[in-house]
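Here come two complexes built around chain A, the first alongside chain B, the second alongside chain C.
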Partner chain A sequence: MEKMKLKLLYSDLKADIDIIEKELEVALNSSSHLINDASLHLLQAGGKRIRPVFVLISAKFGQYNIDQVKNIAVPLELIHSASLVHDDVIDDSDLRRGRHTVKAQWNNRVAMYTGDFIFARALEYVTSIENPRVHQILAKTMVEICNGEVIQIEDKFRNNQNIKDYFRRIKRKTALLIESSCELGAVVSGLDDKNVRHLKQFGYFVGMSYQIVDDILDFTATDKELGKPAGSDLLQGNITLPILLLKDHPTISKFIESAANGDVTEQQRLEMLHIVRKSDAIKQSISISNHYLRKALKEVDALPNHPMKKKLRDIALFIGKRKF
Partner chain B sequence: MEKMKLKLLYSDLKADIDIIEKELEVALNSSSHLINDASLHLLQAGGKRIRPVFVLISAKFGQYNIDQVKNIAVPLELIHSASLVHDDVIDDSDLRRGRHTVKAQWNNRVAMYTGDFIFARALEYVTSIENPRVHQILAKTMVEICNGEVIQIEDKFRNNQNIKDYFRRIKRKTALLIESSCELGAVVSGLDDKNVRHLKQFGYFVGMSYQIVDDILDFTATDKELGKPAGSDLLQGNITLPILLLKDHPTISKFIESAANGDVTEQQRLEMLHIVRKSDAIKQSISISNHYLRKALKEVDALPNHPMKKKLRDIALFIGKRKF
Partner chain C sequence: MDATYIQESIEQLKTNIFMHVRHRTLLQYTGDPVLDENQLFYLLMPFLNGEKWNEQIQKSAITVGIVHASLSEHDKIDEKNATSKEQQLTVLSGDYYSGRYYEILAQAGNIPLIKQLSEGIAIRCEHQIKVYETNSLTLNDWYETISVVQTELIKRFYQVYGFEQYSTFMHTSLLLLQLQKELHYIQKGNKSLLQEKMIESATKEGQPFELLLQQKIDDLKDLLHEYLRSSTIKDELKLYIEQQTGF
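The block that comes next holds the complex of A and B.
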């Protein structure tokens, strides 16, 4: 149902999304069977491809050229994919979108070098790009994604953290890559600085909202909708917005301690979910997400008249209200 | 004894090597205890620091400025260190220079993210560099190092490979980073194009010789000298020059098959070492290494008169004849 909605939203971009999909397959081709299998396993798991889609839509506001645009969209999706494979190792995740992760299907070693391989392919794309501005933005994005991974490790199970730490983390984990997708789509299609800035800001705000919704869903959605057990984030030590808003709740603090020691029972997980779901923290988190969403929509308003403005709004609203 | 010789060779650069050593420690500082411990474990294992040393020496031929030079030397050593941590996961190596590897002391997961962390720090240095030529060379080097890791995986235990494949591999694994060290030292100190080229070529040839000697030592040195069991490379599926020169030796082919299946006995390892050591393949490999060394020395001859010319020659000769 939700996936249908997204398909509908993407429908008039389908031909170009297919081109990018094919290019991704070519980029991930390796003479090693194992690398091939693991990369394709990951690629076929799909995902929403929102980064490439934002590149396409942003580029539509200027001189749209799919051959140019795909060279931006592909490395961005590759960087995202590479970070997912390594994240699953760091978080010790066995499931993602209802499928086994690379580290679960094979092992940590294969996941490490599959991620390295995909990142190397992305780096290759990046260095082949001649426009120094594009190059600079992509390189900076890569640095921040790598740093984001490190910060995520450093903050794991850390109890003296606050909401500012959380925002710092999701900015690097999600918002920056979506911001860069919009910015780069706009830059390569020759938009003026003012509109590049609006699209870039739009991407940042949507990205923040996107990750907050993701972090809410981890508590509120069903295991089936998530394709993994609800509450996985906290089990893995990732302390997200709803938990920070519930700060100092004694049962939750004890839960985090138990999770850090790896001895959480199913009973405790359900109890934790119950506390979070009935608390105000979810409502407050939704309201913070909506705050970012409103800021994103304001940036759309500031863009010149164009049929793609409605598309940006629709996707932003879908992201804010989605259930997966 | 060997280490004494190296120390002597480095003696008049010691103050600046110490500056780089301190900068490396700063670069690897993280708020995560685990990342800190693992990075320092790696840093303290030492190594010859030949990449920073080649940056320093090459820079001495021009307008030498340690504050500039260290910003090149540090990311180069970081890229090298990051690749070592991941290589040990790929090769399943428990020992390096007589110490436990990160993956052995902790596990594959910690080794993965320690490598990612160090690489992220290197990326950060690279993007902060303003000179576009330096930036371009470093970025290209990173791509090749990442690709080198992938090629190493793809070629593992592969029996239909030839000497050309081997050269392609060691070029990316070792020679390119040493080449870039020399080139970048020369570029930042403002050498003219002709001399930049000589130093760059010198680095490439020395790097090829360096890796060939490494691959020979893996068969000819003692376990104690190596700080790991002799023949480890082949056990891990890395088919190096001496083996390619011995191609189709039935016992060796059978050994590779057994190694791929992970069932090699100590008896078989010693037998394999005996065959390689008494064969002509070692002599032939030394002769190929010397061929590269001679080419390296020719590049030194072409450089303008400078006290550092003798230093380059001495280090090249040390590398060619070293026992560790």
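The block that comes next holds the complex of A and C.
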């Protein structure tokens, strides 16, 4: 339902999104039937494709040419997909969006090679753009995302972390790739530096809001909606915003300790979810997400008049209010 | 130039690669990147043979080494259980090295090499995954797979800089060296998944695997010997290759 709503929001981009979808299939076509199966498995799992959508919309503010723009939209989605395949190995996740992950369907090594293959195809694809600036932005983003993941592992179950640590982590984990999607869409369509900056900042703020909402939903959505058990982030040691706002709660502190030792019962998980859901931490987290959304909308206001401004606002607001 | 100079050049390249991928946390948990000195030698072979070599080519050689290190990290991941902190960070060190090679080449504006290396990585992954596929392959197919894994990226580097004349040496020598390793490993009573698959293929061909492997090694040695005899590369390099491959 939520995905349908989002698709409705960018229905007038459908023809170009269909081109991207087809190109994703072409880019992942391999002489290895196992890589083909694993890639197809990934593509069929779908996803919101928000990164390509942000590339397309940002590019609309400049000299829009889908044949040029797709060369950055496709790699960004591929990089996102490849990192998910590797993340599932790191998190030992068997399910994503209600489907078996590549590592669960085959094994960790197949997931590593599939992820590496997809990363490689992403870079191969993007080399059709000769502008070094595009590559410099994308490469820096890839390295920073990785740094973010290293920090995430270092921060697992770490009790003495604060909200600043969390923001630093989600910036690299999520916001950067959305920021780069907007920035690169604008760059490839030849937009001036000032407006590239506004779109880049918009992407950053939306990305921050997106991850905060994701972290809220991990507690508030149902197992079915999430396609995995609610509270999985905390079970894996990822201390997210709602928990940071609640970390002095004795039951939550105890839960983190149990999770670190890997001995959480189903009863404890449900109790933890109950505490988080009825606490103020969710409201406070929503309020922080909204703060980022307002900043994103200010960046939109600063852009020149264009029909796509409304689209950026609508998508940003959807992201802030989505249910899963 | 003598063996010491060659070894020092390889060590210098290694140090440069380490410097470009240095990361405090990754170093702590996953150690230095894994680099194969034989592959590094072939990256440097045109330089050692007196080919025109500049800062850009040197940087490119460093990035090829980084890509090898990246893919080697992912070879360390356990098929079933990668939940330890060390394994999790090994996944990320591979990704980090991969991001770094791209970043270095992007900063240099070297798009042709990015294209060649990314194509090469994709092909290498397609070969590495073959051990998990159900297709029935011949022993020669497996030799081809080993060869691609060992040589594809160096081949791409040679293509970009017009060093293709070194491809035959590199190809024959790196395959020979890897097959010698495989034979040694199996003689010590070990068996990797790749070797199990190769044994399966040899059985279908009705011959003992070790015998076929030894024959292939001997054939490659003869071939390399012939190349060395007719080649005009520097004598010191010929000698180094002979020592490297155990002539």
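The criterion applied here is as follows: the second predicted complex is superposed on the first by the 321 of 324 C-alpha atoms of A that agree within 3 Å, B and C clash if a C-alpha of one lies under 4 Å from a C-alpha of the other, contacts with A are read in each partner's own complex, and residues count from 1 in each chain.
In this text, a contact is a pair of C-beta atoms (placed from the backbone, for glycine too) under 8 Å apart; a residue touches a chain by one contact, two chains touch by 3 or more.
Note that the structure is predicted; figures quoted are calculated from it, not measured.
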Once both complexes are superposed via chain A, do chain B and chain C end up clashing or fitting?
clash
Given the touch rule stated above, what does A:130 touch, chain B (first), chain C (second), both, or neither?
second
Just checking: does A:240 make contact with chain B only, chain C only, both, or neither of them? Give me first, second, both or neither.
neither
First (chain B), second (chain C), both or neither: which does A:140 touch?
both
Per the contact definition in the header, classify A:31: touching chain B only (first), chain C only (second), both, or neither.
both
So, A:106: does it touch chain B (first), chain C (second), both, or neither?
second
If we overlay the two complexes on their shared chain A, which of chain B and chain C does A:149 touch? Say first, second, both or neither.
both
Chain C-contacting residues of chain A that also contact chain B:
30-32, 34-35, 86, 89-90, 92, 107-109, 112-113, 116-117, 119-120, 123-124, 127, 132, 136, 139-140, 142-143, 146-147, 149-150, 153-154
If you look only at chain A, which of its residues touch chain C in the complex?
30-35, 83, 86, 89-90, 92, 106-110, 112-114, 116-117, 119-124, 127, 130, 132, 135-136, 138-140, 142-143, 145-147, 149-150, 153-154
Which positions of chain C touch chain A when the two form their complex?
23, 25-26, 70-71, 74, 77-83, 85, 88-89, 91-92, 94-96, 98-100, 102-103, 105-107, 109, 111-112, 114-115, 117-119, 121-122, 125-126, 128-130, 132-133, 135
Provide the residue numbers of chain B that touch chain A in the complex, in ascending order.
30-32, 34-35, 86, 89-90, 92, 107-109, 111-113, 115-117, 119-120, 123-124, 126-127, 132, 136, 139-140, 142-143, 146-147, 149-150, 153-154
